[in-house]
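As written, the chains take the letters A, B, C and D, and residue 1 is the first residue of each chain.
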């Protein structure tokens, strides 16, 4: 996969947006690979994602001039009141993984990263338990053990924030990390913490969702990946999936079946975030496919 | 499909239950078609469903003697503290269908009934609107128009209960009937009212669940068929299903997609009830497949 | 839903296509509701679907001038070697439904049409059996009984083609029509015959696919809607879906479960065709969502 | 999970089978945890799986006497012409994993085994490439590198069979092993080789199924786990699953999405085999849930 640039836009909707954005791209010589847009009619908002090649695959091989594009695009973006970001796949985002004792999501993410499915750097793994240490060592990633008690949470979080800053982390992934993060911590990464919750949100928020699902007698269980906000299990949903269960299955069977759901929804959420496919707005996400 | 008998049992779990029940069936000459059992270990309960042929397909063609079986089984059932029911497929349950203005579930159930997929009689359709009248006429089913206002609910329900009694109805199916039934009404059919709710319960109980789902930004929508209890949208769940949605879909798209889910979960729930596949216990169901 | 126009394009891929098309739309004052595009990199093809409002919802309410747009767009389309079509939702496509004895797809399509879910006219129902006649009468649609034998096929098809011509039919939907159409018939509607096949194509082509699925011991059954071509069950696939089965299910259970799949994949295929969401190329489809 | 015994039976169907089997279990004092049975009416066959506890959880804790049960059951089994097996969970089956260069299934199986989800020993990993070596070392499993060429296949297989015999292997799992095994090899493990094929069988047998699926334009891709027989991709199917794809996805996207399907269907197949849930008959499986 050759290097590419991604432009993400959200702005008030008005006529001619696609024409004006695509004209600038055309004039700058962009060879568009994918483009998608969306309108939220209720809110009058427009969203767009464009991806184009940074090197022409054939011919003289001249590279696309990102700086020139940025200069040409900035006044248009200002005129149209855009929130926008321009990223190059040449820069791989730096990600930290947090977990507690359950390692199925962690093992899954690390294997996907190792085989190139997740386009990022993973310089840091943090846990309040030591179980993940051998796995971190196997993949050559720094492991930091940060135990947390109710009394020590503030101190622990301060230490974690230092570690994240030191490693220039852009995205924190909570791969079954069983500690609730403080609003203060969340505020440091306003759009950069992805969590997996082991239920089909908004059903069964909080602790022990598989027990709650079993007790309610549902016929499907689910898992959800979402951005973390100050309100527990209430952030913008990125992905959800479900599996059928029967009366024969006890809570431990739900837990086992749920692990496969958790792996899938979390890894998809992380992958889409890294590929700049997700736009947050209000408490929702647009996920361009 | 030849006539068959179904025996449904729930009782305290103890050793030897299957041996003792199947020995009686063997001694009485039952030719078993399907048998299934389930233990709820937490509650110490045992559930069983056995279905056997009422006529031997070959040989002298002697019919199975249901009365003799009942006599032989009664003392065993008493000794083992069983709740049990014995039904013959020769008796088709009598069902009433209730609806309001949306007719997709109604049209679906009627077509399935007409083609023999639902093994029952449908002598009565009740609605607080007249939209369903032509459909009822097409299928030759009595239609009763019972308008309901807040002021007239008690009177309307009394009239409906009269109609149900007059038609010897055993099962009431709420096929998108938009009135909340009173506890008094529900108490007349303690295990005989099936409803479809247009969400993945327990998420989005109450009114306008598709609006709530759209507002929360979920990535899957669902529908649920369940037995009606005194508490709204809280009865034992029979069946659930979900469909994937994207940011492109507005509330009206969710409503349209949801109709297909509602049809499927309601018709399955009704079919399984009619085939005596469902055992209720606590606020759950065992559905034998 | 207010009236809208849909522009469908396929052409050789080149830079600037989106910019040029959207500029014409902008200049002509189009208020775009949805736009989507796709590139097939292997084949070097570009596909685009744009939908815009024909009446401005607020303000002076001036209608969009489709004829003026057509004039402005034609030279661009010629220059860029486009295949293109421009349709207005004010013109509802005319559809004929064919069936044999199984009526579940027919009943489903007719109910969806009646409630406005399918945006078309249905002036004609054709069958080689009389079973569908009451349903046709209920919905007020002309029914034509055209029996077919091996000897009479040519004559029967000639009669059917006359009926289709007489009714100005644009789309033929085979809703479990159990006769194989001749290449001559198919050639009259090169992109206008949709069929449902009761398997997950390309597995189990031909007759009795549920028997074949049961015999092979698959764990999921499927259904497929597709455009009809000269080669049986080989045309471009529009939609597919599957359902899980178990060893407990006999062929007749597969048939019953399959009916729900057939209804869903066929109705989606027809709906998407009517909404001009489908572009055929080679033996495939692009379905814009 | 305490130790348990599993009895698997298949035999000609006749009346009273459940009564007679469960009576012996009752007389021997078995505390049944799960029991399930199935009849294939076409073939006149009966299948049964019973699982019971080997230690009573409360009271004097006397162990169930498996040898006494075997003695009591043997004459009944002979009389009723049963094929049967009796296994104790105290003996963990010995499994060998084969792979080539793709390691996603391997990494997944190893993690599941490590966390106790797969109830077996894994003394041996075999590959015709060295890629898996670090993973084998991490989990402390012997790795054997056995390169294969067309010329050397016989010799390589002879070496592999020696390794399997030396390690007393009962089950061979082909976790994306890209070599076709000879009939001679397969004959050594007539019911003991599980493979994953990356398509929804019987569609797209043979090489490069994702390319074939892309070329045919299907809307869902699948994966299948099955027992290996002499005929390639034709053995009894254990489990299948599918995922939705769109026109936007290229072959490499299908490959990536398919990896998640392959992991799930293979790990389920292996788990069910280890839990003695699968009965093979003809070219099919009964999978008791």
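One rule holds for everything that comes next: a contact is a pair of C-beta atoms (placed from the backbone, for glycine too) under 8 Å apart; a residue touches a chain by one contact, two chains touch by 3 or more.
These figures come from a predicted structure and were not determined experimentally.
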| item | value |
| --- | --- |
| Intersection of the contact lists for chain C and chain D | A, B |
| Most widely separated chain from chain D, with each centre as the mean of CA atoms | C |
| More contacts between chains, A-C or A-D | A-C |
| Rounded Å distance between chain A and chain C, as computed from the means of their C-alpha atoms | 37 |
| For chain C, residues contacting two or more additional chains | 34, 246, 248, 289 |
| Chain A-touching residues of chain B, taken from the complex the two chains share | 38, 41, 200-204, 216-220, 222, 236-242, 246-248, 250, 282-287, 289 |
| Footprint of chain A on chain C - complex, ascending | 15-16, 18-20, 22-23, 25-26, 29-37, 39, 244 |
| Chain B to chain C touching residues, read off their complex | 34, 103-104, 107-108, 111, 115, 117, 134, 138, 246, 248, 256, 260, 264, 289 |
